[in-house]
Amino acid sequence: MEKKANKTSWREKIHEIIYEADTPEGKLFDVILLITIIASILLVMLESVESIDFKYHDYLNIGEWIITIFFSIEYILRIISIKKPLKYVFSFYGIIDLLSTIPMYLTFILVGSHSLVALRALRLLRVFRILKLARYTGASEKLTLAMRASKAKISVFLFFIVIVCIILGTVMYMVEGQENGFTNIPKSIYWAIVTLTTVGFGDIAPQTPLGQLIASVIMILGYAVIAIPTGIVSSELTKSTLNEDVNTQSCPNCLKEKHKDNAIYCYNCGSVLNP
Amino acid sequence: MEKKANKTSWREKIHEIIYEADTPEGKLFDVILLITIIASILLVMLESVESIDFKYHDYLNIGEWIITIFFSIEYILRIISIKKPLKYVFSFYGIIDLLSTIPMYLTFILVGSHSLVALRALRLLRVFRILKLARYTGASEKLTLAMRASKAKISVFLFFIVIVCIILGTVMYMVEGQENGFTNIPKSIYWAIVTLTTVGFGDIAPQTPLGQLIASVIMILGYAVIAIPTGIVSSELTKSTLNEDVNTQSCPNCLKEKHKDNAIYCYNCGSVLNP
Amino acid sequence: MEKKANKTSWREKIHEIIYEADTPEGKLFDVILLITIIASILLVMLESVESIDFKYHDYLNIGEWIITIFFSIEYILRIISIKKPLKYVFSFYGIIDLLSTIPMYLTFILVGSHSLVALRALRLLRVFRILKLARYTGASEKLTLAMRASKAKISVFLFFIVIVCIILGTVMYMVEGQENGFTNIPKSIYWAIVTLTTVGFGDIAPQTPLGQLIASVIMILGYAVIAIPTGIVSSELTKSTLNEDVNTQSCPNCLKEKHKDNAIYCYNCGSVLNP
Amino acid sequence: MEKKANKTSWREKIHEIIYEADTPEGKLFDVILLITIIASILLVMLESVESIDFKYHDYLNIGEWIITIFFSIEYILRIISIKKPLKYVFSFYGIIDLLSTIPMYLTFILVGSHSLVALRALRLLRVFRILKLARYTGASEKLTLAMRASKAKISVFLFFIVIVCIILGTVMYMVEGQENGFTNIPKSIYWAIVTLTTVGFGDIAPQTPLGQLIASVIMILGYAVIAIPTGIVSSELTKSTLNEDVNTQSCPNCLKEKHKDNAIYCYNCGSVLNP
């Protein structure tokens, strides 16, 4: 009996370390996980550089195995320490954790396969765990709030941009034609997006005077148009920043909140607010 | 007599489906129209890609005919279901609807003509109907209001940008000259626009030290100047965002304004507000 | 005697037409001048395009002479209709008006000179007159006010950008070296400006991994840094937009202005404001 | 005794001139130092341009020695005029001042060494002294305040951008592959940063239709995403701008707040405000 209780408390302890960040051990685990994820990302990057992979192939391989084993242990601990293992296994992070552990084990089956680099890249999905850590900072809260508030406006704006690019791309395809690099409409639309967003790769560029005139109009419009999403987010953030002088005090009578800092009476029931 | 009444109601029913979006049938029609327009745009795009057109020419052709027939029926229904058909025929959308239906019928007359792709592209104008649908979302209302409020300022700004580009383009034409790609003044102005709007294709780039110095000044100015349209739209949107849940009603007792929309009592003196 | 009076009134009439825009004749003159300036700019542009100049040289030449004669007459009328002619002659616009009239007359002296195109380009300076007209619109007032308010901040910002570009350019010169296009420090600084302002011509681009890493840091910083001038102008414009609820009413007692719209008592002397 | 007193006062005088900017001599010293730093930067730049260095090598060398001697004297005066010389020597500016003086003296030891240009570039670090001078302007105060307030938000944003670029870069490496210039993952991430920040060099550009589609999505997202840092800085600056001439004092009679800084009477009840 006692042993079972011990075992349970041991699982509870692991659960606390892995899933929570309140205890010093939990924070330490998060930091170690963060470092391991960054190390695994760096490994995938370095392996893709041929000259480095050629020289240090063995070292990189050892690093891969260390990380794979660490991720495997973490994955197993996550399963055994949670009450509903299946819920975790089929959750978003559960699938990512599994996918980022598998690749190295597949090397036994698919020896010498070139596509393994691609498989290893799945480990990059782990960065989402880092994003999750970013939530602790608190600073991202207001950002996500402002983003959510301006989501509808930004969507309408992006939708409008895409339609403008489709029309402009088609016009440029007819004006410039295949001999100047605008070989088909999708490519012309790609060029219109490259231009309107002010990226301007220059791999395709208008050659005819008329094409350059239209391109000029697109660029000047794009210059004015970029103001719109900026204005949307600015206004939302300004609103939330200025509303910091609306306090969270609730009326002692009707419990309404969001009173002005200088309010003396409740705007809802008219009773005197606590000073 | 009854038959006529029936016919009228039949026309009214069609009018409701096609021109309005209140009934389930009207919404369904809008969605089907949206899908057909997107499909027709995709067809025009795919046909312009030579390799795809070569392989699947027949399938694309069948698709074109299906869409053409659908658009033709819609066009006829729109005419017969409206009270003043001529008003629709000569309206903006009436002309676009006609132009996007014609191209395929012209293939009988202009067999093998290459310019037909260009004609088919007219169908792209139909995307304006999609934009019309976007209005339903409501989110675009505030955007258009802010755009309208800042129209005058933005126009002055764009006018200023164009004049600056004309002067800078001419200066660069004289500094760099024809041997460095600045072959004439219009092309130099085109380069100035490409640079000031931070697009930067790189098809033309200054080669002389003096030209690069002037280009540097243009770029740094352009970097500061982009702040202006953004500031204009931001301030307009901020104004409309801040005023959105505050009304202009004044308290009958203390005359304080800027009460919340849902306020019943004055936040300053506690007296009841007029409803 | 009467003749002299007539002459004076004739001069006064011209003065009214040319220098003021209150009468219908004054407005008409401004519009004609605007059209002539635009026409003269178009002529300078077209002449710089070799193929057009080759074909229509004679027509362009006639156009040049018509505009030159118009500008000459305008210049003479401006001198004789003003009370202090010398003040006008040596003013900013006086010099521009003279410089934009001279070039064609110089063709008699400097026959066949190629540098004449450059001289003709002086006529472009006339666009400043158009800018002067833009002032009539009123919309530019708030813009210039906001620009003036944020001038100091923007200057500090641009100064900071230039210093950052000098340091980054020197670092890239040492990292990339002459073999990758970073031939000297001024050119490297030019590249740093091109990159930080997100123009990105691509005529020079880092080739070494370290250079690309530094370039990545520059770009991401530049992405965050562009927020600063935008924020400056936005905040100034927002302030002036929101202050629209400060009225221009002056206190009947102490004559102070800028009272809040909902103010009942003067914030300076405490006397009751007129409703 | 008197001599020593004199010497001390002489040292105090120098301290006042060099370290402070209150006296006319102190201001003059700052201006001369500023000019010398700019001259030294120009010299380093000019020497890096081969054609100029070839022609004017001797003149540049003389200029280098003049500045080196000036900087040496300044360095010595700074040490002897301060009470705790070691504190200055090991401070940030102390090290920069030393590093910017050394290079020319090293030419005696390392004759003909090519790496001396790099050493001379250390003198550029002196620009930080200019930045220090910029603080006097006052305009930068509000900027730095707003930057500090939005530091946390901007960091989260930049962190998010880096992670997005890592994922997108890896995806493009797999889609485009080595044959289209995406030779390894770090280079692909470099491309993703170049694209998302709308720089767009064009040295690497997607060639496959799928790659161009993904690039289009990146660009449109980047266009919307640039709104975020701008919004953050705008809202912070707007807040500080709006609060600048309104104090937090409340009226002793009606408790209304947000009075103007120069207000003597309450704008609401007309009673005298506390001074």
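Per-chain residue numbering starts at 1, and chain names A, B, C and D are given in the order in which the chains are listed.
What we mean here is this: a contact is a pair of C-beta atoms (placed from the backbone, for glycine too) under 8 Å apart; a residue touches a chain by one contact, two chains touch by 3 or more.
Which protein is which chain? UniProt says A, B, C, D = Ion transporter.
Treat the numbers as computed from the prediction; the structure is a model and nothing was measured.
For C-D, the equivalent interface within B-D, A-C or B-C is the one where over half of the contact pairs agree by residue number, namely B-C.
Taken over every residue number at the interface, the positions common to chain B (Ion transporter) and chain C (Ion transporter) amount to under half, indicating a different-residue contact. As a whole-number value, the distance joining the C-alpha centres of chain A (Ion transporter) and chain B (Ion transporter) reads 29 Å. Contact of a single residue of chain A (Ion transporter) with at least two other chains is seen at positions 157, 186, 189, 198-202, 226, 230-232, 234, 236, 238, 242, 264. Against chain D (Ion transporter), the residues of chain A (Ion transporter) that register as touching in their complex are 41, 44-45, 48-50, 118, 121, 124-125, 127, 130-131, 134, 137-140, 142-143, 146-147, 154, 157-158, 161-162, 186-187, 189-190, 193-194, 196-203, 226, 229-234, 236-238, 240-242, 261-262, 264. Taken in their complex, chain D (Ion transporter) has these residues touching chain A (Ion transporter): 152-153, 155-157, 159-160, 163, 166-167, 170, 173-174, 183-186, 189, 195, 198-202, 205, 209, 212-213, 215-216, 219-220, 222-224, 226-228, 230-232, 234-236, 238-239, 242, 250, 255-258.
Residue ranges on chain B (Ion transporter) touching chain D (Ion transporter), taken from their complex, read 198-202, 230, 234, 238, 254, 256, 268.
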